[in-house]
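One chain, chain A, appears in both complexes that follow, with chain B as partner in the first and chain C in the second.
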Partner chain A sequence: MSLAAEAFVSQIAAAEPWPENAALFQPLKDDQVLLSDCASSLAVQAYLRMCNLPVQVCCRANAEHMSPSGKVPFIHVGNQVVSELGPIVQFTKAKVVGCVSGQGLSNGPLSCKRHLQHCAEGSAVFLQGHSLSDGLDDVQRAEMKAYMELVNNMLLTAELYIQWCDEATAAQITRPRYSSPYPWPLNHILAYQKQWEVRRKMSAIGWAGKSLEQVYEDVSQCCQALSQRLGTQQYFFNKQPTELDALVFGHLFTILTTQLTSDELSDKIKSYSNLLSFCRRIEHNYFQEHERPGLDPLSIRPSLM
Partner chain B sequence: MLLGKHVINTMAAPLELYCWKGGWGLPSVNIESLTVLAYAKFAGAPLKIHKIANPWRSPTGSLPALKTHGEGSLSQPNKIIIHLRKQKYNADYDLSAKEGADSLAFISLLEEKLLPALIYTLWVDPKNYVDVTRRWYGENVPFPLNFFLPSRMQGQQLERLRLVRGNSRLEPGEELEKELYRDALECMNLLSQRLASQKFFFGDSPSSLDAYVFGHLALLLKVKLPNGKLQQHLKSIDNLSQFCSDILTLYFPNDGRETPGSKISTQPHSNDFDNEPNKRRNQVLSVLVALGAMLSYALLTGILSIQQVHPQGALGSSKGHGAGTHDEDEEEEVE
Partner chain C sequence: MGTVHARSLDPLPMHGPDLGLHPDDAELVEAEPETKQEVLENKDVIVQRVHIDGLGRTKEDLLGYEIADVFMAKNLIDVMKKSHEAREKLLRLGIFRKVEVVIDTAEGEDALPNGLDVTFEVTELRRLTGSYNTMVGNNEGSMVLGVKLPNIFGRAEKLTFQFSYGTKETSYGLSFFKPQLGHFDRNICVNLYKVTGQFPWSSLRETDRGIATEFNFPIWKTNHTLKWEGVWRELGCLARTASFAVREESGHSLKSSLSHAMVIDTRNSAILPRRGALFRINQELAGYTGGDASFLKEDFEIQLNRRLFWDSVLSASLWGGMILPVGDKPASIADRSYINKVNVINGESDIYLEQFAVTGDYLGGEAYWAGGLHLYTPLPFRPGRGGFGDLFRTHFFLNAGNLCNLNYGEGPRAHLQKLAEYIRWSYGAGIVLRLGNIARLELNYCIPMGVQIGDRICDGVQFGAGIRFL
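So, the complex of A and B:
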């Protein structure tokens, strides 16, 4: 098959409706997954649920190495593999765009054209569902992106710091969990290798000199900013949830329900009551009615209620 | 307690800030230094500013650095800004809590999306690095350091990019460039949408977010890069480029003219070797002297001797090959 034809086929694949067998891959949730990976995975699941796109959660010990970017989670949809929340949001949007532009396609093989038109008709229903941030104006969209980076820049980095750079947490929780699927010499090698890599990243971004207290302070600052932004609204941008809500929920809920060596991290969040009720709201609206065994990490965790 | 601090501050000598010196029509050539300088101007902090080109002379070993009274030296821009804020030099005083939250979010956006592309375009892109960045640091960093500091800085920046992207095999190339630039262009568009037609991000007076945005964009606006895709995009966004040049003219009125001025003022300090016209003349002179010495030695010892060649012989050498070799034999006699 020529390259152009392949590109065309993948265009059609992107324009196809969401398949039944779409799967989300993450590390083993009982004894391998770490706080930061679990948070990212939950964020993607929340996003897909908000879009009403069903996905089967598959736990694999080597999920990290299966992912195209080396980061979990990733989704396998049709014949495409996409990792991390940002690209997944783009991917679900591209599906809609593909269908809409398919309508305007006038020249080309008749069968393909008919296929695209069919798809465009079929997708009209979930046009709103696929792109959660369509209702926002330009300034709001800019703010949404900025707050998403705030969560990545501060909460995610703080999670990584506490996991790998706080020696007590690293020794008691992180290294044993990270290396649980591997046999003896390999488990130590891989865990220390990962720890070394994260520590180098911390020093590159200037976090190496921070003490644990300062990191908690940063988390607190970030939560305060989120709390201020949320105010008394239902979601960050009024009544309609966006990818920002999914991301914030993924991180906050995971921190709140994960047992670490100390409770200080979750205590920081608990002092913001509107963030707590925000987490409860999303858990209630998107995770409780349609709970199936093995489908989400919430089933093994204590609920917030 | 606050009052006590205030009194101590006004009594004590001003804080000292060390930052990279200016170039390319900017008060400094370094993103972090520019951010701190802009914040200090916005907050009206009376700092004693040392603009240097030797990071080894900074109290922390890196630039920028703020020497504080009793709290050691700070080197990260956000720590410096927080310290200045504590000393009542607060440019964010008028912001509401929500605006403060927005500042934090947009600063994160800058660091996550724009900074990697800036590092790439200044330090990794081979053409830009060789023609602009390395050249500037090579010319301005003092003598023995300038041989290894630029390449060491490049190594650090590349390492940082690799760790931040989480890909240890990352190689500079089109793929990476495309990815980074896509994020950066989006970030600039988002900033432009947020700024809209306002003078500063939160109304009429500048805040710390304005300092960060200015610090990140000013370099891109002013440096002339051979590979200027990012630059072109920024220049096409009217409100953002206007925002940067407004801050430059309002808060750094002298620095636009400093570059030619500083070049002239550095001349008396530096040796004759750095002086462009003298350098060229000296080079020509020394080559001529050496040539003359060699020639006279050759003539004196008889390696080369000059003989009168008959005009017919010279004509013959241009016509026939045999005659030419004959002439050469005549001209050069090796003893």
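So, the complex of A and C:
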């Protein structure tokens, strides 16, 4: 499909409200999912919770192959399939769910039903898409995008490096987990195929020659930048969370709660106390307070509390 | 010399057979025989020696089995018949380009008066032959390069490699074939392949990488094939708009299956036969030898051909089959959609082979049957008779079929009833072109009947090509 046609389809889809049966697909939680995929999935879940869009988390062994871009997670909304955080943010922006009524901006933890009630009460109603970054000015938005790129380029790449390029981690954790749903000899073929693919990507971006120490150093620098930007604020842009908060939370929380061959990676983050409390805050605000049926708590993972 | 003169004056021999002969030669030929010539036709003869000339890399022990019968011949007619049979056998090995037979009286010291020598003059195929084809089909154009090494180890083994480079997909296959000495029908075949196919009606893309070992052997009048196949299958969606039911099937799976096929084929030709019948039954059991696909699949095919008046042929066929998943997992779309795959491009039978998911992608069925009745006649007024025109046939057809999913709680009676309900059928007429002895092209006008909701209808004029037809 051409880009124009795709844009058209997503515009059409935008006319429909967020359905009850929206689902997020990710690999099997216990045996299969890897650090990087888990982080990306958690970032999307956090983002959707911040937008107050309910989503059912479905674990599938073939989630990676079901995804249109070959990357997890992806969401299935109506008959639309959208993968990865960036496109999902764009997609929810186009979705018409939020209402602005006479009683002011109804944002935050209001259920859809209450939105509809507002609409029914006959107050001045117009529709608006879901967006967390609408309150930002252009400079802030550019800054947010820059920090999101930093997280994707540093944290995500470091996670991939440690998973696939550090031979101890690859042999003990990554390959057995990645290939767990497949029978012999397919499990070995697929794991090595994936490893080769990631390593090729690493050499394309110049990470192949890096040592593990250098990667830890990069992670540390990235965390320092994030920590400085966050400062003593509640979220990166003051009181309102944005997609940057969701992304940072997804990665940091996953790194902190995942057992790897060494604890060095999580130790790098633990040295920044404001980042730790930032993770606790989001976990508390979005994954514990809002317990509702249909929402998936982080019960499987150890809490930071 | 006087007689010669007399003959040369005679005007009649001008039309005779010995026109080109010089008068002197004619005299010599006439003068020589009488004494030595014997009529061997009804006498006992002994084949003393069989020579094979022109052998290069072919091992002689292989040929010993093929020509052994020639020694059994007791009279000249028999020798000629047996030699002819031996020649056919040698040609069937697929290692000689040309085989010629020369029968002569035995020569040498131990030559018997009624002894014969039979000489096979053979020309071997080259060590390496190549081919190059271009193909268009399945919404794709491709270039096929083939390399064949016939008789690679000198005992009729054959190694073939095919590589197809298409506008969308690349496929290849490597195959090794070895017949048993003296029993060409008993053979082993090992295949390694990668095949990629796009199935737009399912929005599905499938890549198969596999290895298959096949053992073929005849028993009485039947041919059997035992096969083990290990295939790594990769399914993916063709487009973002693919229905979610197809998307859910994406990913990797490994099938390891044992199958057995039995074929009885008395037809005179595989394409547009005039007489004879075909019966084929195939069963496949997957999952017990490894892999994560487990099912039991049964298929059968019956075809009867009968010659009627004016070179017309009536052909009736019936196909059927079912797939039973073993265990809790439902059968993958890669195993189910086989019903469509066998008849990929045959438009006329499209209508009943379609069953759709919500957004219209073909998902395949678990049980199916299909029947067809064809009447093939020569072209009206028979243009190009005895030549090009014989490649064409007009045909009238009536096809019917159905497929359904099996819900195992209901029992076989309910399933049979389901297959008998809402039968899709169609009729029409068209022209068939026979391509070699392997494929045919069809141009049909088809009228579908009994169409169910969700079926993709192909009515009107259709064009199709294929290898297997109802």
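Following the convention adopted for this analysis, the second predicted complex is superposed on the first by the 251 of 305 C-alpha atoms of A that agree within 3 Å, B and C clash if a C-alpha of one lies under 4 Å from a C-alpha of the other, contacts with A are read in each partner's own complex, and residues count from 1 in each chain.
To be clear about the criterion, a residue touches a chain if its C-beta (ideal position, glycine included) is under 8 Å from a C-beta of that chain, and two chains touch if they have at least 3 such contacts.
In this text the structure is predicted, and so the values were computed from the model without any measurement.
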| item | value |
| --- | --- |
| Fit or clash between chain C and chain B when superposed on chain A | fit |
| Touched partner set for A:L186, first chain B, second chain C, both or neither | second |
| Which of chain B and chain C A:K201 touches, first, second, both or neither | first |
| If touched residues of chain A are counted for chain B and for chain C, the larger one | B |
| Partner chain in contact with A:V81 - chain B first, chain C second, else both or neither | second |
| Touching partner for A:M66 - first (chain B), second (chain C), both, neither | second |
| Chain B versus chain C as contact partner of A:C58, first or second or both or neither | neither |
| Touching partner for A:L276 - first (chain B), second (chain C), both, neither | neither |
| Touched partner set for A:A22, first chain B, second chain C, both or neither | neither |
| Least C-alpha distance (whole Å) that remains between chain C and chain B when both complexes are overlaid | 10 |
| Footprint overlap on chain A, comparing chain B with chain C | none |
| Complex interface listing, chain A residues touching chain B | 69-71, 138-139, 141-143, 145-147, 149-150, 152-154, 197, 200-201, 204-206, 221-222, 224-226, 228-229, 231 |
| Parts of chain B lying in touch with chain A, wherever the complex brings them together | 76, 97-98, 100-102, 104-106, 108-109, 111-113, 159-160, 163-164, 166-168, 186, 190-191, 193-194, 196 |
| Residues of chain A that touch chain C when the two form their complex | 1, 6, 9, 60-62, 64-66, 68, 76, 79, 81, 182-184, 186, 189-190 |
| Residues on chain C engaged by chain A in the complex (per definition of touch) | 232, 234-237, 239-241, 244, 247-248, 250-254, 290-292, 359 |
